[in-house]
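Presented sequentially are two complexes of chain A, the first with chain B as partner and the second with chain C.
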Partner chain A sequence: MGPELALGLPAIGAVLAAALRRRPALALLCGGLLGIAGALMLALLAAPPLQASPLGLSMAPAARALLLLTALALGLVVALAPPQADRVALLAAGLAGMTGLAAVAAAPDALAVAVVIALLAAGHAALPGGRPFPTRMRAPGLAVALLLAGGLLQHAGETPLFARLSALALVLSLVAAAGLVPFLPELDPEEPAPASPVAWTGFFGPALAIALVARIQPTIGAEGIPVYGALLVGLGVLNLAWGTVGAWLAEGEVAAWRYSFLADWGLALAGLGMVVPDGYGAAYLVLASVLLVRFPLYLWARPVLLNRTPAAMGPANILLGAALAGAAPFAGFSIRLLLLRAATEVYWPLALVLGLGMLIWLGHSFRLARTLGSPRGRSAVGVVVALGFSLVLGVAPAVLLAMGGL
Partner chain B sequence: MLSTVAVVAVVVAWLGGAFLVLSDARRGIALGMALYSAGLASTLLADPLAAVVLGIAGLASAGLRLRDGRAGWGTLPPGSTPRLLLCVVSGVLAGFVGASILGGPGPAPLRVAILLGGALGAARLMSTLRREAALASTAVMTLAVGAAEAATGGQGAPIVVLAAAVGAVLLGILPGVEGDVRGA
Partner chain C sequence: MPWEDLAAHLVALLVYPGGLSALLVGVAAEIGAGWALVPERGGLPAAARGLLRLAPRSLAPVAAWAWVLALAAASQLAAPFSPVPAAERNSLVAAAALLGAAWLAWSWGWGRRAASAQLVLSVQAVWLLAVFLPSIGPGNLRPQALGAVVLGDQLPLKLACGVLYLACLPALLMLLPESAPQGPPGALARARTPEEGGFIALRVLLWMPTCGLFASLFFPLADDALGLLRFLLVSLGAAAVAIAVAANLTRRPAGVTRLLYERLALPFAGFAVVVAALTAVLFH
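Now for the complex of A and B:
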């Protein structure tokens, strides 16, 4: 019953939190307890007796580990959210997302993932926000159509062309599902954080991508792997370039933050596309750092982004800038080393291209760090915890890699 | 040799997809969904359980779409020539690819109906600014995915078909009118 409980407990938590939103303390207590129970179940799923599932569901270790980190990130942002934030809405949306992500991780194939993405995206697009529902559904809707095409082509026949076209459709569906270039959704800086595309890319995206890759990569076959790898690396470099240059030159600070997520995703896509263990490990660590460091920091930067508090550049911001730039001993450093090693192993000129992207990266990191202002109270604690996570990811990446069975 | 039922089912599914693309009001959209669901279910007769589940879910979702959104049919409004062309071209292409190019999964009429749902649903979703049309398009795509899973006969097919059916109904339950809530 393990996978079913890991899926069902956050779902009940989301429903209870939404139903009790007029009594915030009770909603947070009920939702929080059920979320913790769901996360515990995910952690316990590492034990074989709990992996038995009456419905035949199973979760890949890497997807399960990233789901666990998603739960940790949710706990962090809800517990230490800025004072103006609606914590019940954050918790309810986060738990509903956790349910969807657990369903993606447990889905037996690409077509099952398509059904879950359609529902998850519709739920997210239905949250109160600035952009209309159809606009918010476009990228995930395209992902559903592409997954359908990829799933059909996998069963279309023995011709190698079908395998290649299927790989093409499935990779594009991954990029569309995460909301990356060339399927970048519109951004409304005033939109509430839970409904914004940044929440989709920074909170739902990482576990979604790892779970999707765990489902599609084994089914692609030898004929499709070159297309799969080349396309992922190509889109990874595109997102890295778009993200680093965009975050550097963007007029608004919210846009700069959004582009910085794209840069991280660029590294992750390139790592996944190399189809070697170091590349996969680097991608996994990048996505973990998006969840535990960049996304929480973005939420704590919201008061400055919404002009409620002034930006600042104190010693703490310089440290944050270094962490966001990928300086040692923070998370980005070990990720970059792993990625460059993998790139050298696959095709050394790729390491040069990635290295160039990493250099341009420095341009926007201190700009973003300024938007954290001078955090106080819960936000200050949150910033310290995020820096702590970044340090752990940088100093002991092996622990996290072992958690994901890598 | 294709049976008459299969040919009629594919034509009904295409008509449904076309109504979905060509309509801007609740009755037209609901009729499109209902026709597509009926056509899709009729091409799935080899798997009666999946046909019944997806057919009923599609009809229920279509019925739910009649609750809100712009009143009337709204079919073929002025300026809909490009959409009409899209429907014709999609129908021809889906017929050609599903029947002649793809060798599986499932029989050719089912493949054509699935391709019609995916293509016309996605085309409508990408081009509309109407919430009720976006919800109906997503539901149509979900039904097509459920039918594709039934055709592949994977180990999780019954659960996925059920999830697709429940998903289509849930998408029908979501209100078709955009709220104007903005927050911080």
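Now for the complex of A and C:
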């Protein structure tokens, strides 16, 4: 019953949190307890007796570990949200998202994954926000269509062309599902955080991508793997360039933050596309740092982004800038080392291209660090915790890699 | 038809899973819906008193026919311990009976209040897809057999159709102003005509067959105490989801319901058809 409980407990938590929203303390207590229970169940799923499932569901270790980190990130942003944030709405949306992500991770085939992504995206697009529903459904809708096309092409015949086309459709579906270039959704800076595309890319995206890769990569045959790898690396480099340059040159600070997520995703896609253990490990660590460091920091920067408090550049901001830039001993450093090692192993000129992207990266990190202003109270605790996570990821990446079975 | 079969069908129609049990489940659900949709009128006791005041004082023939159809639909459910043999139950009969009951209500209520027959018709079309798409693969219309198919290839299709079914429930159960010619639960203080009271009673009788059909089609139900408990829990859970969705929609500006069904449920129904086609192509 383990996978079913890991799926069902956050779902009940989301329903209870939404139903009790007029009593925020009770809603947070019920939703929080059920969320913690769901996360515990995910952690306990590592033990074989709990992996038995009457519905035949199973979760890959890496997807399960990233789901666990998603739960941790949710706990962090809800517990230490800025004072103006609607914590019940954050918790309800987050738990509903966790349910969907767990369902994606547990889904037995690409068709089931497509149905769950469609439901998850519709639920996210239905949250109160500035952009119309069809606009918000465009990228995930395309992802679902591409996923279905990829699944269909795999069964179309033995011809290598079908295998390559299927790999093409599946990679594009992965990129569209995460909301990356060339399927970048519109950004409304005033949109509430849970409904914004940044929440999709920064919170839902990482576990979704790893779960999707765990489902689709084994189904791509030997004929499709070169297309799969080359396309992922190509789109990774594109997102890295787009993100680093965009975050540097963007006029608005919200847009700069969004581009910085793209840059992180660029590294992750490139790592996944190298199809070697170091590359996969680097991608996994990048996505973990997006969840535990960049996304929470973005939420704590919201008061400055919405002009409620002024930007600042104190000592704490310089430290944050260094962490966001990937300086040692923070998360980005070990990720870059792993990625460059993988790139050298696969095709050394790729390491040069990635290294150039990482250099340009420095430009925007301190700009983003300014937008955290002078955090006080819960936000200050949150910033310290996020820096702590970044430090752990940087100093002891092996622990996290072991969690994901890597 | 042998006398034993006739007796079994009569018990199913009048006692369980129809008649008496449908009335008990329906009264509980209707009180809950009245309380959730109009909370300012007071708690559950106030909602129960309100429902009692709306009880029909005399028999309206059209409404009575609709009651019979609703109970006939209930007799087709895969309810554990149902006296009707499993082989004789049919989801097509249940769906046709439920649609018939709804359109008898519309034959009286056409043009009343904010009711929109066009919206109800499109929701019914979507609901029919949710009921019948899962039966394409197994090639079977028996609710018990369809409910038992949970694992493997049919999972994506059943997931899509299950969500679609739940989304249609508020409109099918006449919980929304646009879908209830007799008015949604808690909206009326007193029935003005026998028909009005009769069709409010129809809604009470619709809870069990409509929510029970969801449990029958999408969950495996064994003929034992645990199966009965599961049947009741899933049916009441579906009713709770319907009430929650209806409560949310009725608090939103006018037109949101129509928008939701036209922009979300209809495209999702198309998606479910694609999933059904792909399930057939990929797995059979």
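Things to note:
In this text, the second predicted complex is superposed on the first by the 406 of 406 C-alpha atoms of A that agree within 3 Å, B and C clash if a C-alpha of one lies under 4 Å from a C-alpha of the other, contacts with A are read in each partner's own complex, and residues count from 1 in each chain.
Just so we're on the same page, a residue touches a chain if its C-beta (ideal position, glycine included) is under 8 Å from a C-beta of that chain, and two chains touch if they have at least 3 such contacts.
Only a predicted model underlies this, so the values are computations on that prediction, with no experimental measurement involved.
Overlay on chain A: chain B and chain C clash in the combined arrangement.
In the superposed model, A:Pro128 makes contact with chain B only, not with chain C. Taking chain A as the reference, the larger set of touched residues comes from B, when chain B and chain C are compared. When the shared chain is aligned, chain C comes close enough to touch A:Ala19, but chain B does not. In the superposed model, A:Leu111 makes contact with both chain B and chain C. Using the contact criterion defined above for the overlaid structures, shared-chain residue A:Leu119 touches chain B and also reaches chain C. Once the two complexes are overlaid on the shared chain, A:Leu148 sits against chain B and chain C alike. In the superposition on chain A, contact is made by A:Leu55 with both chain B and chain C. Of 6-14, 42-50, 78-86 or 96-104, the chain B stretch that intrudes into chain C once chain A is superposed is 42-50 (criterion: clashing C-alpha atoms). Contacts of chain A with chain B, set against its contacts with chain C after fitting on chain A, overlap at residues 55-56, 107-109, 111-112, 114-116, 118-119, 122, 126, 133-134, 144, 148, 151-152, 155. For chain C in complex with chain A, the residues that touch the partner chain are 150-152, 155-157, 159-160, 163, 244, 263-264, 268, 271, 274-275, 278-279, 281-282. Against chain B, in their complex, chain A makes its touches with residues 55-56, 84, 86, 107-109, 111-112, 114-116, 118-119, 122, 126, 128-130, 132-135, 137-138, 141-142, 144-145, 147-149, 151-153, 155-157, 190-192, 302, 306.
Partner chain C is touched in their complex by these residues of chain A: 15, 19, 55-56, 107-109, 111-112, 114-116, 118-119, 122, 126, 133-134, 144, 148, 151-152, 155.
Touching chain A in their complex are the following residues of chain B: 101-105, 111, 114-115, 118-119, 121-122, 125-126, 128-131, 133-135, 137-138, 141-142, 144-146, 148-149, 151-152, 154-156, 159-160, 163-164, 167, 170-171, 174, 178-179, 181-184.
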